[in-house]
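Presented sequentially are two complexes of subunit A, the first with subunit B as partner and the second with subunit C.
And then the complex of A and B:
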């Protein structure tokens, strides 16, 4: 339904209405249009770090999650040029961490994997970095597997803004950036993190996993196994119950 | 335990001095580390508790900056400046010699916990290298003899304070003065002229002068001050960006050494114009040695009624504080600098909003370069029209250049805008032929021999002022490789293209350097350039591939002679991988080498 009173911008040639103040990705999502993304989540303030949502707005590259929609703005989204860039960005994320999809509990529910399928990523292309990122299995209910972290800071935002706990933060710089938890020991068991926290649900990849429910839904029947991410615009990352 | 008591009392006095204020976390961490040697986990916990921040946020900041360490790195920490100019002066050989004498590998701490030796990004001593930092204190002009003497002092555990004073001498090397460096202003003169004009009229003069930002981007200073002045907020702030991190640049160091009054006076004038009561000077950690001298200048200005309440008898209050950075090039980006001033990791903010409306503590803030603020004093004294007559149409005034590399007289040269690169080279003295000039540091532009008539001006080459000169014996591939590693080291890590891309590029350059490159890898570099230039979050990622792009276009033979074949070549070298097996089996006969096996 298009509200005729709203201004519109043009995304891939299609008129998309927006309410003033909305970003391009908010307007597109509300209109059921898919702009590939990883660090953006409708419930949280834009972060603008993954750059997967890079579009060309009036001829200039920018992240769709940080550009405010303007009336008459012409936006290129799913063009060959932009999907090529997205594929390269995804490949960079895959080689930066240790992503072994076949053995990952998140496979099929993973936004990184689904987005890679969506833009036709067939190989990691670059040499793997193989970083050393030990897992933290200290918590009774939750496992942290840092190997899969893509630095989107959704858990940081959820814990800070929703749970009011500040369990997570990024430390380090550059390629040495890494997720830390809020305890002197550096272990998740020494924080007040709980499996019921919003931060426990929000990870788009497989860093934060609840224990004792792994593979409850078999691979093949999971969220993105059933239909591609581009066909599920507006749907949130799956909760444990759905998975 | 006495040790713990000492720790606690040292920490408590730092926290008290910094007012238990989390926005001062950078200063708390630096002073704590100066007192305790390193930032241990319990110390970070105590700091977090005291300032009322989540511990993870304190650790986040402590882990971001190169000069903070959350593990012990020795009672003596030696960091060799690793700009290309230091390399040309032989820093790597000197560092190796130092490591051999200390029985140490670069990057490792000695077994007895005494010393560590490593490299760091350019320390801003390019005109007097090879340079290093010892316990974050700048040392210049290293020689083999100094290395030997330094190793002896470290072994004898002589405190750094008792080391020969001449090692820490930093020369100004001012070679050419123009309107700014040759000014005859006395402290307070420009400020009095500004106050007499009144804030609105002073702003008009700045706009009339055509003064543009000297950090390289060249934004109109008048426009910036006006936007800040007009923005609504509880308080307004003036920030002086003295995070001079662009390799090859050292003019702010000299301004802050010899012309500190002028810089502070420019900040005060800016404060009067935008309606600020507080100014902050963000000094790069490499210039730690300037902190005390700058604070005495501030004290003298307070005593003279040029800072504090009722300045020069007028109803105008303004004061300035110096904050130190801790080894992060990205903090030269103004929004990252503000994050750092607020005690956070220096990650550039999403813009808009810009600092002029939402800056320090969310308030209207003008962030100006050291040189811009100093130049504002000239405008205050002589008027905008006078100033606009110097330089070119779109680039009013003068520019201070930091000249280093293959010249006879490296140092500071001030010219009216519009000077040709060739003119600067003539004045600095060239022996033999010049192959290339890197203008504005790694993020700038590489000029070839046929481009030396180009001009230093916003109309042609905008620059923060670095000129690194390379004669015909220099390998331009190695120049670009040095820069690639610089960007990989300094990427803040926020956005994907820059965080991972800079490392991918540095690895590609290393692959070529070890003789495993192919045309395929050069295509890959262009691909990374195209990706990072459009998709990165800030200027660092956008310009990180510039030196590679320029040198590939202008000095391609330097790359091509390294290519192993014209087809794809893997980075993995099977025969080299077998060397371990040869070593373990004690075999080194012909049949143990792959090349011979293939032939048979």
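And then the complex of A and C:
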């Protein structure tokens, strides 16, 4: 299976080939190996902000989406130590927003939820913030529920880099960081956003939701209900060289 | 395992009893369970106060002063206390009032909502427990030993959890049984 012409690194004791320039998560994904992640997406430049993909590469912690694979590199990924840290990061995300899965139509298709299942998050552990984040239902075809935003900036990247519309941005600093809509009113209806945009389908959680299709697939039959996220690693390697 | 039966208490705080219904959904496995446990305070026995127990299952978060008293009674009496279901784990649906002002909510429900009797007022009987400003998951009030998420956790999840725990294993749910929805 291993292509002998390619250099390899060692992820959790398994040889993983890579093309020079590939990041660890790109190489792992191409080899069908799962590295937990939220803000990384194979079609977009790495963001390196959520830190869920943190691995130990040659003994040092780092985000697998920003570390270039090197020949002979030894990488720890799904160890108890790392999954414990990932669980803590997820718990922090859960208590910072309002993540009520039973009333979220993204439930079962949500990468945040699936990742939390994957690392066995049984409780939020910390005290909840219960922030006040009004929804924006002004657009005829799309609903924005900011309660669930984890600030991965995938919609920012998609709208800017693919759709060329630059509709989303993060505003504020630190704990006051939040997603905003780039229109004078701040409302999505006053932008040229459309349900066909890449940004409309890239949200890993339940912030950007197309209207009228929320329960087309019933709870229980959804993406991560069928099999865990770790069993759904895309066979196709991201080929684009990341900057 | 102990040669006596384990004593189990259950309660629903700011919950809908859906988790208790799901518990009953273990169906005939209830008979197997009753070989191993006996119930103390629970809607199943109608015992009103909790005595010393091995295991306490708490459904629902805390939304009023009485919930806090009951939760503390459980913590005081139960060696192992379990948050059963989404509301106990993160506040759940009742906690979705948390960004609203309590006075505004009560006024909307009891005074200004259409179809109310003339002169309707916010109930203020001394027997009514005072609502808290916000609904909280139970781990924000007392120490919780185990969490079983789900709205509700499925009967199979509850069964797996209880059998693991009774057998002295750390409960492990795995894919298909761990659910937040």
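We take it that the second predicted complex is superposed on the first by the 234 of 243 C-alpha atoms of A that agree within 3 Å, B and C clash if a C-alpha of one lies under 4 Å from a C-alpha of the other, contacts with A are read in each partner's own complex, and residues count from 1 in each chain.
Please note the rule applied: a residue touches a chain if its C-beta (ideal position, glycine included) is under 8 Å from a C-beta of that chain, and two chains touch if they have at least 3 such contacts.
In this text the structure is predicted, and so the values were computed from the model without any measurement.
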State whether subunit B and subunit C clash or fit side by side on subunit A once the two structures are superposed.
fit
Contact-wise, after the overlay, does A:48 reach subunit B, subunit C, both or neither (first, second, both, neither)?
first
Could you look at A:227 and tell me whether it touches subunit B, subunit C, both or neither (first, second, both, neither)?
second
Does the superposition put A:211 against subunit B (first), subunit C (second), both, or neither?
neither
In the overlay, answer first, second, both or neither for which of subunit B and subunit C A:108 touches.
second
Superposed arrangement, angle subtended at the Cα centre of subunit A by subunit B and subunit C, nearest 10 degrees:
100
Who does A:127 touch here: subunit B (first), subunit C (second), both, or neither?
both
For A:93, is the partner it touches subunit B (first), subunit C (second), both, or none of the two (neither)?
first
Where does A:176 make contact in the superposed view: on subunit B (first), on subunit C (second), on both, or on neither?
first
By residue count, which of the two partners contacts subunit A more extensively, subunit B or subunit C?
B
With both complexes overlaid on chain A, what's the closest CA-to-CA approach of subunit B to subunit C, in Å?
5
Going by the contact definition given at the top, which residues of subunit A touch subunit B in one complex and subunit C in the other?
127
Provide the residue numbers of subunit C that touch subunit A in the complex, in ascending order.
83, 86, 89-93, 95-96, 98-99, 134, 136-137, 139-140, 144, 146-149, 151, 172-173, 175-176, 178-181
Partner subunit A, residues of subunit B touching it in the complex:
41-42, 44-45, 54-57, 59-60, 62-66, 328, 345, 350, 488-497, 499-504, 507, 527, 531, 534-537, 571
For subunit A, which residues count as touching subunit B in their complex?
46, 48-52, 54, 61, 63, 66, 85, 88-89, 92-93, 95-96, 126-127, 129, 150-151, 166-177, 180-186
Subunit A residues touching subunit C in their complex are 94, 98-104, 107-108, 113, 116-117, 120, 122-125, 127-128, 130-133, 219, 225, 227-228
